[in-house]
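The data blocks that follow each hold one structure.
Next come two complexes built around chain A: one with chain B, the other with chain C.
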Partner chain A sequence: MLHTVNKSPFEKNSLETCLRLIDESSSILLIEDGVYGALKNTSVSDSVINAQKTTKIYVLGPDLKARGLDKSSLISNIEIIDYKGFVNLTIENEKIQNWL
Partner chain B sequence: MEEELESGVVKKFLYINRRAPHGTVYAHEALEVVLIGAAFEQDVSLAFIDDGVFQLKKDQDTSEINTKNFSKIFSALEMYDVEKLYVEKESLESRGLTEDDLSVDVKVIDSSEMKKLITDSEVIFNF
Partner chain C sequence: MLFGILVNEGPYQHQASDSAYLFAKAAIEEGHKIFRVFFYHDGVNNGTRLATPPQDDRHIPNRWSELAKEHEIDLVLCVAAAQRRGMVDPDEMKRNKKDADNIAEKFRISGLGQLIEAGVQAERLITFGD
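So, the complex of A and B:
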């Protein structure tokens, strides 16, 4: 299952709840203000790194770029994808859960 | 309010920005209101707390999300005599940011200094 998170982890607990409730075969895509969850050295980065043990995490490039962020700002092994990659993820995954 | 403005009363205005840019309209709308306050020649200060610090992140490029890149307005605020920008240190740190990540000159202050700034202000707008 693909899980999308579009809220800042510093403002809402959407990412935290997502990480707590997803199963191991899931992937997470961070979009819009959700991309802040991919930043390294933050108050939530440890829990994201911990989730990477079982879960593949993606982040939407255009939303990163809009916020002045790039690969150098991110936790390692988070994959940056473009809109085409987003479409591919929605095709590969039978179900999508949006954590608003 | 109108009489005060006409008589040239200057008050300490503080705009508190606590939202990230782009995901919602708050940050952009706040800037519009800041410029109005500046046009009335008030004593304007801006505070960036919580996710508001992300508004000042340098190198923002909204070309791929088709929205206006209003972050460029921050570097033009000086022309409107808006020069007092305060960023809370604790908010920067919990988001993995430093002063070097910011696009404009700001004063980084800690929570106790921020508390004083808020206390000393006469008119406060929250976004």
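So, the complex of A and C:
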């Protein structure tokens, strides 16, 4: 199951809720302000790193760039993808949960 | 693969309309089809033909119309959400005795059943909103 999170974890608790419900069959894609959840050394990075033990986490590159961020600010092993990658994730996963 | 897209947020408000458009465009470029884009809540404001954004800015309603024209995409505004927000097509204009309509090319107004149908017919339904 693919989860997309579009809110900053410092604004809303949708990432936190999502992380509580995932399992090993889940993937998470951070889009829009959700990309802030991929930053290292924040109050949520430990929970994100912990989730990486079971779940693959992706971040949408164009949204990262729009916010002046790049790979150097991210937690390691978070994969940066483009819109084409986003489309492919929605195909690989039969079910999609868009957290708003 | 056949996609349905749900847009719950107005244009130029956060990012939902842009994300939905860029997703639809990427899916088409990858050889997939968009069955329908359903605009709900403030999302119906994507369908106005009276918008005049600055010339150096993207024209969100026109962008949808052009994509729909090129790729045969059904653009549907929820009727109840449209009535509340003053989005009117020629039929609704007559029915509600209004003095104008304001719906952009290739958009149409219909009911929530169209969203359910998109969920049934499309293999994936992706929601963009706020």
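What we mean here is this: the second predicted complex is superposed on the first by the 100 of 100 C-alpha atoms of A that agree within 3 Å, B and C clash if a C-alpha of one lies under 4 Å from a C-alpha of the other, contacts with A are read in each partner's own complex, and residues count from 1 in each chain.
Keep in mind that, in the parts below, a contact is a pair of C-beta atoms (placed from the backbone, for glycine too) under 8 Å apart; a residue touches a chain by one contact, two chains touch by 3 or more.
Note that this is a predicted model, so its numbers are computed, not measured.
Within the superposed three-chain model, A:Glu32 lies in touch with chain B and with chain C [touch as defined at top].
Taking chain A as the reference chain, the count of touched residues is higher for B when chain B and chain C are set side by side.
Once the two complexes are laid over each other on the shared chain, residue contacts for A:Pro62 go to chain B and to chain C alike. Applying the stated contact rule after C-alpha superposition, one finds that A:Ile91 touches chain C and leaves chain B untouched. In the superposition on chain A, contact of A:Thr42 is made with chain B only, not with chain C. Within chain A, the residues touching chain B in one complex and chain C in the other are 6, 32-33, 62-63. Considering their complex, residues 6-8, 10-11, 32-33, 36, 39-43, 45, 61-63, 65-70, 73 of chain A touch chain B. Residues 1, 3, 8, 14-16, 19, 22-23, 25-27, 29-30, 32, 124-130 of chain C are the ones that touch chain A when the two sit in their complex.
Across the complex, chain C is touched by residues 6, 31-33, 62-63, 82-84, 86-88, 90-91, 96, 98, 100 of chain A. Chain B meets chain A in the complex at residues 19-24, 50-51, 54, 57-65, 67, 69, 71, 94-96, 101, 103.
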